[in-house]
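Every chain is named by a letter (A, B, C and D) in the order it is written, and numbering of its residues begins at 1.
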Amino acid sequence: MSRGIAINTAVLALCLAVPVYAHFAGEPFLLTLATRAVILALAAVGLNIALGHGGLISLGHAAFFGIGGYAMGILASHAQTFTPIADWPLLIEGTKSMPVIWLVAMVTSGLAALVIGALSLRTSGVYFIMITLAFGQMLYYFAISWPAYGGEDGLSIYVRNGFPGLNTLVPMQFFALTATVLAAAMALAHVLGRSAFGLALNAARQAPARVEAVGVRPFRLRLTAFVISGMITGLAGALFADLNRFVSPTMFSWQLSGEIMVIVILGGVGRLFGPLAGAALLVTLEHVLGGVSDYWQVYLGALLLGVVLFARGGIIGTLAGRDVAHG
Amino acid sequence: MLLLIEQVLNGLQFGVMLFLMAAGLTLVFGVMGLINLAHGSLYMIGAFAAAAVAGATGSFLLALAASLAAAAAAGALIEVAVIRRLYDRDHLDQVLATFALILIFSEGTRWAFGSFPLYLDIPAWLSGPVSLPGGIEYSRYRLAIIGVGLAVALGLYLLITRTRLGIRIRAGEADREMIAALGIDISRLYTLVFALGAALAGLAGAMVGAIQSVQVGMGEPVLILAFVVIVIGGIGSVKGALVGAILVGLTDTLGGYLLPIAFGQVMEASSATAIGSALASMLIYILMAVVLILRPTGLYGARA
Amino acid sequence: MAEPVLQVQGITRAFGALVASDNVSLDLREGEIHALIGPNGAGKSTLIALISGALAPDAGQIRFNGRDVTALDTVARARLGLGRSFQISAVVPEFTVLQNVVLAAQGAAGHSYRLFRPALKDRSATSSARAQIARVGLEARAAIPAADLAHGERRRLELAMALALKPKAFLLDEPMAGLGADGTAQMTTLLETLKAEAPILLVEHDMDAVFRLADRISVLDYGRIIATGSVEEIRQDPEVRRAYLGADA
Amino acid sequence: MNKLVCAALAVSLTAMAPVAALADGHGGVKVGMITTLSGGGAGLGIDVRDGFMLAIAQSGRDDIEVVIEDDQRKPDIAVQLADKMIQSEKVDIMTGIIWSNLAMAVVPSAVAQGKFYLSPNAGPSALAGAQCNPLYFNVAWQNDNLHEAAGAYAKSAGYANSFILAPNYPAGQDALTGYKRMYDGDLAGEVFTQLGQTDYAAEIAQIRNSGADSVYFFLPGGMGISFLKQYADSGVDIPVVGPAFSFDQGILQAVGDAALGVKNTSQWSKDLDNAANAAFVESFQAEYGRLPSLYASQGFDTANLMLSALETASPSDQEAFRAALMAADFDSVRGDFAFASNQHPIQNIYVREVVREGDVLTNKLVGVALEDHGNVFIDDCKM
């Protein structure tokens, strides 16, 4: 247990050190990178609930990431051009307010997760992987060929959306905002993991027949987890869109689903701090290896392969041993 | 009407090509229980090998042979080096490891062959149209693809039902411990099955490469379609892969052709084409969802 | 006389040509242990699956607590109060003993969708869980992951989980399997005290235990019930001797 | 819990920190190039980069630093790199983006932050019209230009019944609109294909049955290769017209003989008769061992435009540098070159034909489709 705490503290210390250094060294770009890592970590916290606790290997989480992103893009683009989204049956205006955007992003991605989950969870194992992947592709193609919001070109938002009391255009403030959201999501994930629901969900992953025998439906547990998971990833999508001030169908791409999953696994499946560690590592690798070679993805692939074959449990798992799994 | 028949042939050709991809995936899953995302890379390797050999020798048949050999060799190599360690792992590890293989293969190929698409053309003896009964002009090469695909399907059927290897494959699908108990060298069987699946993917890549472009990343869109195919057909079932592939091929081709026309009846032409093609691009996924609602393990999948 | 707690009427289930349960009827009455025995392949597992709801019958009816449950699935039957243990231990390996039993207790209490309160702070579920753990004698092992338990301990954990459901009937699938002499004796004592709470349908291979515990015995052979009666009646039944005990005698 | 502390600390830090010092007056010029160097489409970015760097090398100026980054054709990566160029590298001028969707993601915020952006390729209509900006110059073309030229060519060639197709995404829709703007015959069919589609059997069957007298297509990258090969094999012999993208030097060898004889529209060709072009083609071949492509020529022109402006002004003086760019006082490999009021080119657009020269396929000039052509978005641009 103590080693687990030590490692989590180290991860946190790093999360503190980077922005502080970036700030005083006058390297705002480092802060942008750190914000990116935090947002990807948030997406991975979402996936980790489905994957780590529920055992649901979703290769289609980019669907929720993209929906969150488009929720932001659509609301903000209407606000930017002062056109209502709908004027019948009731008037819906766009908005540049982050809290409203977040709410819409979470509700829409949650609804999408409900539909996709209800269909996909009829299956299990490999079927589930392939079906979630296919649903993600479906939305990808839809986003590309739907002309109203930019199609493949995506949507640009010229000014970052606002949050009451903050100037989100200041990198440090936006970073702090995303870090706070991540902290809240991690706290939620922690509470969920220890709750009665979390207990039943984890049991359904390991011994579904037993869960049925105590009168609980694994399907409903999994669907609930999938929806919560999709909502958090959707929120991450809205933040990611705000970081880039841009949304496009690539947010729906299956490579992105793979990337979120890679983050979860690099960090350690089912570990509370896994997503943060994994995202920090992936963003660092992207940045460092990208500077070394045009073919840096070869190295990234080799590294991933090494982790899967030889370092099961990811960074935190390898360093901490088995004592804090699902903690 | 003639156009419709021609589109049906096109759908059939597309389906047959998907079958070549899906057959390997479904065999590997059925026998070894492995989900292989890198199957699309083997398709790409087949196409690149064919383009390289065709460029050097000018012979299309040699190029096809090279695609089979290169993809089978690459398949055997990754089976021995990587995949073998994944059979006892859960699907999550398999997904991640084979995702890593995609990165390595894609960027490795780009490093070796450069960023520009490679050239591979239809041989003279297969190019041009042929007249079918009823006055349809149809590409000779596409007919050849349909022929090869159906021949492979027949060959696979015979292989699985009539040969010693087929018996072992079926035994492996039924019970992994059993074939070990029968004294069959299980690791050789696995390498063989994996290489066979890889060779089929490579063949598909080479044949398609001649009418499309041979480039890095060509495998992944086909891979995802192949997933849709085997989800519809039922994982592990070669028959399901054939039926699913043809269903997906026809749905995609006919949907892309008929939907814009259907929308054109009720709305203005250019928005009809836009909406029609947007919907057509989602059609096979909708088909998949419907199949799943009716039969969660696919058309020919084992009942859970 | 009141209706039996569990009543199986003319249940039939076939797998292709093999009729695994052939027009089976049996009942379980308040306060009794009803043992189900039969040689390997007689169809005991199929019958358990049919009663628990894991399999749907081709024909026949199952009534539980005065209600037709034939169309209900495992979960619904569990909620009505059918508590079961598994032939092969199906405890949650990464959970501690306490977590496993809390899972059952909160399931019975309908608390499994509480998203925020920590499971182990659910007073009613944990206190009920601790009581059941004490009954099966695992208090000292409550904080041990189930994966690290000895085989006999895991069988007792199974039983504790069934107990925590506060069921109206127990369906116990070979609770003695793999236990040593001491373990079997402990389990036998435990089951004797249990039947006062809820009747037990007991599938068991250990004949000594069955003959000591059972109030009634049904013998299954080739998917059919060939005899039902008291221990003495079954001992004497010629058909049972021929079909089943005959092999041993 | 700790995480909350971390966030709170970060917030308080923000409050007390001063704004970072602005530009630290360095002597030379720093150029940030974001382009596609890996994954699909890397060939285009590599050509732009090589053309650009060739011009820089030939200028002999060693006070120009070019920072090159790979966007992997991903908009989010491009945005992140732009942030890096602006915040961390503190570049003066940006360039390099190939794709319209990446340009739309990067350019508006880059110019809003006071950086010059010189586009060597993408020319989305929004940046030519409503969102035009004094700091944004397009040195290649407005996206519609080559399509308009194709329409004009079809009209002058006497085609009266065209079948037109493009992928179902904004650039594809713009392409068909552009073609129709200059073409005034009937349409035998108008089809939107899927982006990334590789099989065109269905569309070719429709073309065969449409009774068209000409086919216009815009299918960039691998899509065009697939279409042309399949079209050639189908035996349909209706003449094809396309924009230069599918017939450019990098891609032609992969299309093969299927492309022979196809007319395509381009603002540049390697046999354009002017001294700058002859020198460019020769030196590019000498430096890189391959024939230059359209994209290489655009990269080369972009660098030379920038170099010409740097002769008379510094980017730190925005007004003066903008005026210097606007003058376009450089020897374009395209011959005559000027900027319209919305800072997009006014130039000739030519018709080329694919021919075989020895072993390699290449293009030769056969005529002019549009002379001194600007774009239709000038009136939308208010600046």
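Everything below uses one rule, namely that a residue touches a chain if its C-beta (ideal position, glycine included) is under 8 Å from a C-beta of that chain, and two chains touch if they have at least 3 such contacts.
Source: prediction; values computed, not measured.
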Chain whose Cα centroid lies at the greatest distance from that of chain A: C
Central chain (distance from its CA mean to the mean of all protein CA atoms): A
Chain A and chain B, separation of their C-alpha mean positions in angstrom: 31
Chain C and chain D: spacing of chain centres that average the CA atoms, whole Å: 73
Computed distance of Cα centres, chain C from chain B, in Å: 49
Junction residues of chain B - those touching two or more other chains: 106-107, 110, 274, 277-278, 281
Residue numbers of chain D (touch at least two other chains): 38, 168, 173, 192, 194
Set of all touching chain pairs, with the criterion as stated earlier: A-B, A-C, A-D, B-D
Chain D contact footprint on chain A (complex, rising order): 8-9, 12, 15-16, 19-20, 23-24, 26-30, 32-33, 36, 141, 144-145, 147, 150-154, 156, 158, 170-173, 175-176, 179-180, 182-183, 186-187, 240, 244-246, 248, 250-251, 290, 294-295, 297
Complex contacts: residues of chain A adjacent to chain B: 51, 57, 59, 119-120, 122-127, 129-131, 133-135, 137-138, 141-142, 144-147, 254, 258, 261-262, 265, 269, 295-298, 300-305, 307-309, 312
Residue numbers on chain C that touch chain A, as the complex places them: 52, 54, 73-75, 78-79, 83-84, 86, 90-95, 99-100, 102-104, 106-108, 111-120, 122, 125, 161, 164-165
Sites on chain D touched by chain B in the complex: 38-40, 42-43, 46, 168, 173, 190-194, 196, 198-199, 201-202, 205-206, 208-209, 221-223, 225-226, 229-230, 232-235, 250-251, 253-258
Chain B residues touching chain A - in the complex, by the definition given at the top: 29, 35, 82, 85-86, 89, 91-93, 95-97, 99-104, 106-108, 110-111, 220, 224, 227-228, 230-231, 235, 274, 277-278, 281-282, 285-286, 288-289, 292-293, 296-298, 304
